[in-house]
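Below you'll find the structures, each written out as structure tokens.
Shared chain: chain A. Partners: chain B in the first complex, chain C in the second.
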Partner chain A sequence: MFWLNQFLQGVLLGGYYALLAAGLSFLFGVMRVINLAHGSLAVLGAFIMMVIYQTLGISPLGGLALMLPVMALLGVALQFCIIEPSLKGGALVPLLATFGLALICDNVLFSIFGADTQSFAADIGTLSYGSWAIGGIFISQLACLVFAAALLVLGGTQLLLSRTQIGRRIRATAEDEDAARLSGVDTRLVRAATTALAMVMVGLAGAALGASGSFDPYAGGPQLLYAFEAVVIGGTGSLWGTLIGGIVLGVAQGVGGALNTHLSQIAGHAVFLVVLIARLYQGGALSAYLRRLRMRVA
Partner chain B sequence: MTHAYHVQRWTRRSIASTALIVALNLALLAGPLLLSANAVDHLTTLFVYVMLAITWNALAGYGGLVSVGQQLFFGFGAYGAIRLSQAGVPVYAALLLGGVSSAVLALIVSSFMLKLRAGEFAIGMWVLAALVQLLVSLDPIVQGATGTSLLALNSFAPAARRADTYWFGLLAMAGVALLLFLLLRSRLGAAVQAIRDNEEAARSVGVQVGRTKRIIFVLAALGAGMAGAVWLATSISFQPNTYFGVQWTAYMIFMTLVGGIGTFEGPILGAILFFAVEAGFGAQGVWYLIGIGAAAVGFALLLPQGIWGWVERRYALRLLPVGYMLNLRGGEAGRQRGFARRPSTKPPAASPASEPS
Partner chain C sequence: MSVHDSNTRDGLSRRLLVGAGAGVALGLGAGWRPARAAAANTLRIGFISPRTGPLAGFGEGDPFILGLVRKAFANGLTLNGTTYEVTIFDRDTQSDPARASQLAKDLINGQQIDLMLTTSTPEVVNPVADACEAAGVPCLSTIVPWESWYFGRGAKPGQPSPFKWTYHFCFGTAQFRDLYISSWNNDVASNKRVAVLCPNDADGNAIRAHLLPDLAKAGFDMVDPGGYQDGTTDYSAQIAMFKKAGCEVFCTFPIPPDFTSFWRQAAQQGLTRQMKIVTVAKTGLFPSQMEALGPLGYRINAGAYWHPAFPYGSALTGLSSAQLASTYQATTGRQWQQQLGPSLALFDAMVATLKSAGNPKDKSAVAKAMSRLQTTTVMGRIDFVNGPVPNVATTNLIGAQWLKATSGKYKLDYRTFEHAEDPSVPIQGPLEPYKM
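Moving on, here comes the complex of A and B:
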């Protein structure tokens, strides 16, 4: 029972990691950019949400409705001010520029809010502690909500990409930018929309972080690592893989933490490394197997 | 007219400047005898920064491998020194071997980390640094986040310790710089830059990609490890959180980008600038860090070749030549634009690793 509980809590935690990783995975999939400011921007989202609660005192959903458009606008600014110009400089410049952005973001937050650990669990009413008891196992309502949000975001992105006009344009831009432009797609606009969308996902993850846990101005680094680990474990470029990756990471941390509190983080990182090495050494065999499996399903 | 051009590495000016730099290093040896205690401490710090900057530049600027996890080697060098010193190794030997232990660690992890590409490698290194930090914190000697001290150094008188640490730092810096200088001038230097510019093309003309990358990666780790060991010798105390902190990589990126990524002299200039900026604004705390971040973004986007890269291109100035010059009829044209080497920030061939969903 104890282990089942740990496992389930790990799966639910994995929902958060998948939500966190969705934006990173999406941006990488479309633009081949790894945004090193990803974690810091999620923390920024959490801080924006906190400020909205503290100054306006509105409902959780209302706060989200205010914060997400702000994040989308920030995404457009990020695209035009940093990502777009840095893409011209090659593959390494976006890394350096977004790393600098993360440094700025963390320290600006620190200068405004100080080093205190924050949380707005108190602002969202019963949601923060409400839970269902199923046969001696307590399932947090908030964790379920976050998990559902992750499913919604990943599924929604999949639908958006496969079924809608903008989705086709995003895929065309990702596939071959010049050809897309020749066919009349405004690729600059498409990329701005992509980053805006990724930032909305980042905002959702930030809201989940602030509601279910605590955060401080320097929490961005670890969040970036978790997101990245979830993406790599699940296999880069696959949105559903990201969900699996998040769950594997969450379960590893949950089970590791149950053995020894020190082991929680170590287990997460270790699983990431093991998957990485396994993928590199049996890359061919493993991916061929997965491709066959996917074809059978499809 | 037999030749319309000739290839040249040493110019009269670069011979003079290299001799001057060697002389300056020799003069620095006299530092503890002439300078105040405060100045000696400051110079030791500068040596650490120079080591960090030139080795990160070797990795990113020449090798095209951007790592945001070099704090792994910085911290591990210091940790290795503490471990060895506790095991009874004489303290300065322990510091030297601590730096070497980082290189050994790099050799081990290179077998899988170097298979990663661009951004994956960058964050993968950070994950590895986080993992090693956690493991080091588990060591009973380190006592979790509390940390420990290099107690063996306390047996020296403060003045003697300061001077010894200064000389150790100076020799470590000069050694790492010389190693790098010779390496970049060798065939391997050309090979690693070929890999940076286009890995597939380099492989097709017979460059041993894996081995070349590994050498530069291990050398960069050696430099960061030595820097960590020298830092430990100056501050005595060791806390995993500070030694394995990502801010070290932030400093390396700042120094390299501002000074000039992919040039040999640039990062040294960057380290001196960073040292000056820290002395002037370090007390400002977060605003200083915000400035560092803003400068990194600004230089990456607006002046990617950095200050030295700009000077070098404009005035055809080479102080420590690692490339070649093509002199067209020995005269003006070569001076103006006859560089055989290209600016560093060229895009490595984008290789779609997986299809976007």
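Moving on, here comes the complex of A and C:
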């Protein structure tokens, strides 16, 4: 029973990691951009949501509904102002540019909101700590909701990519931008739409963070780390892989913590490292691995 | 950041402004002040605290405190018949220990400061104190449990103090012990089985080694699942253990975001329902940390190192503790927070030191005066003569409980319920049992 509980809590935690990693995974899979501002942008999303629902005096759910379009617009701006110009400078420049964006984002948030710890807990009633008791196992309602959101986001994006016109265009742009352009695809627009979609996912992750934990202007760093680990464990660029990666990370932490409380974090990092090394050996060199990824993207 | 950095032009215009203001108010004669020799009669004070970054909560009130203090020093500081101009160089460590050390060295070498003040967490205070000790500049600090400051910087138990220039006033594990024993034997009955959530970091390990055995000796059954890493997101193992042991008292020393995650999970998994007394430290210092918990934060208690109910005042600014809190709320619109007390106490203790030092520009006389300092600040009595070790004076912790505010614009009240360490602090109400 104890182990079953640990395992289940780990799976539920994995849902949060998967939701957190979805935007990072999608942006990397399609755009080859590793967005180091990912965690900070999730925190930004949480702050935007908080400002919206508190100033308008509406429910946090309403705030979420209004925040997501704002994040989408920010995504378009991010694409045109930062990612597109920096991609011209080579693969390393977007990495540095988004790292700079993360620093700016953190400090601007700090100068506006101060260092206060924020959370939606007070505004979502009993949802923040409500749970269902099944036998001796407690299942958190919020964690289930977040898990469902992760399934919906990752599954929905997968369907979008495989079944729709825009999905085909996104995939075409990802695999060979020049050929896609020759075939009449407006790749600039496709890229903007991709970033907008990724930012919507980031916004959802921010909302989940604010509801299930707390955030402050400097909370983005650790979030980026977890998202990154989930993406790498699941296989960079693969969306279902990201869900698996999140769950593996969550379960590793839960089971590690049960063996010894010291091991919780280390177990997660260790799984990340083992998977990373295994993938490198399996694919030969790093470059070969990345090339292979390009082929089976999304 | 800093309002006036030894910039001659700034200094001049400020002096003109002050002179003009005084002239208007009191007539031209009162505007005249004795001419001051520039460098020899200027006291240069460094003030280093965390104002941005993860520790920014501590430094939030510092601009306000510095404003009060600069106003109090506007006409200089008169010591033994000589009036000194006081220039304060305030610096922000951005919560980075390496930067704290760098800032301290810059102030010592670049600005030639006469005395250093610093506060809030070992990450700020210890590197600054080390730099001052190495350079032979007197340094007064607070808000690091004194064991972390004293032993954490290389002093050995039972041996003479290795520090000549650095002095520190703060609570230590003995104060936590007295506070916890008094809080848990208070109005709320429990089975005295205590759940301990203590991370594997500097503070957590010090607590595990020094405080937990004392509490066990005092008749509490301490249930400690062992250290965990800061930043852990899943606590189901600890929660299962506490539930199984039937703990009714909870005690913790986590970094604030970890407590928020833990306490939510504890509520989800039914642990909070069995708790009667919930005592936190390191988190729960500031209102925003408790507001983040929502209704789960009501009736949690913590030690207060300063509170508006303290019956002490600041000689420098003329404010009582209650006035300090109300002035802060009126000026900034934000709820008072306990770091206001120690930040102001540093300046009051500094003035008391300089008064007894003879020549305030003589660094070794100032350091010697610190070692003999006995004074009262908003935090209460500071007594370096009767400290637990040389260079250290202890201050008190008063038990206080976060309650849903019944009136006013702020969401929470922070009410004292216990005063074992300083009975002159009034008790505002009984401890209420935790419930959700």
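Operating definition for what follows: the second predicted complex is superposed on the first by the 276 of 298 C-alpha atoms of A that agree within 3 Å, B and C clash if a C-alpha of one lies under 4 Å from a C-alpha of the other, contacts with A are read in each partner's own complex, and residues count from 1 in each chain.
Rule of thumb we're sticking to: a residue touches a chain if its C-beta (ideal position, glycine included) is under 8 Å from a C-beta of that chain, and two chains touch if they have at least 3 such contacts.
As the structure is a prediction and not an experimental result, all values here were calculated from the model.
Q: Now for A:Asn107: first (chain B), second (chain C), both, or neither, which partner does it touch?
A: Touch status of A:Asn107: both partners.
Q: Return first, second, both or neither, reflecting whether A:Gln6 touches chain B, chain C, both chains, or no partner chain.
A: second
Q: Now for A:Ala219: first (chain B), second (chain C), both, or neither, which partner does it touch?
A: The answer is second: A:Ala219 touches chain C but not chain B.
Q: Between chain B (first) and chain C (second), which does A:Thr117 come into contact with in this model arrangement: first, second, both, or neither?
A: In the superposed model, A:Thr117 contacts chain C only, not chain B.
Q: Examine A:Ala258 and indicate which partner it touches, taking first as chain B and second as chain C; both and neither are also allowed.
A: Second partner only.
Q: Scan A:Ile266 for contacts with chain B and chain C and give back first, second, both or neither.
A: The answer is both, since A:Ile266 touches chain B and chain C.
Q: When the two structures are overlaid on chain A, which partner does A:Ile48 contact: first (chain B), second (chain C), both, or neither?
A: In the superposition, A:Ile48 contacts neither chain B nor chain C.
Q: Quick check on the output: what are the common chain A residues between the chain B footprint and the chain C footprint?
A: 107, 110, 222, 262, 265-266.
Q: Quick one: which bits of chain B touch chain A in the complex? Just the residue numbers, please.
A: 60, 64, 66, 68, 112, 115-116, 118-120, 122-124, 126-128, 130-131, 134-135, 137-138, 246, 250, 253, 257, 286-287, 289-290, 292-297, 300-301, 304, 345-348, 350, 352-357
Q: Would you pull the chain A residues touching chain C in the complex into a rising list?
A: Contacts found on chain A: 2, 5-6, 9-10, 13, 107, 110, 114-119, 121-123, 128-131, 133, 138, 140-143, 212-214, 216, 218-219, 222, 226, 250, 253-254, 257-258, 260-262, 264-266.
Q: Of all residues in chain A, which touch chain B in the complex?
A: Spelled out, the residues of chain A in touch with chain B are 28-30, 32-34, 36, 82, 85-86, 89-93, 95-97, 99-104, 106-108, 110-111, 158, 161, 171, 174-175, 221-222, 224-225, 228-229, 232, 235-239, 262, 265-266, 269-270, 272-273, 276-277, 280-281.
Q: Over in the complex, which chain C residues touch chain A? Could you list them?
A: Against chain A, chain C makes touches at 52-57, 59-60, 200, 225-229, 231-238, 240, 256-257, 260-261, 264-265, 267-270, 272, 286, 288-289, 291-296, 411, 436.
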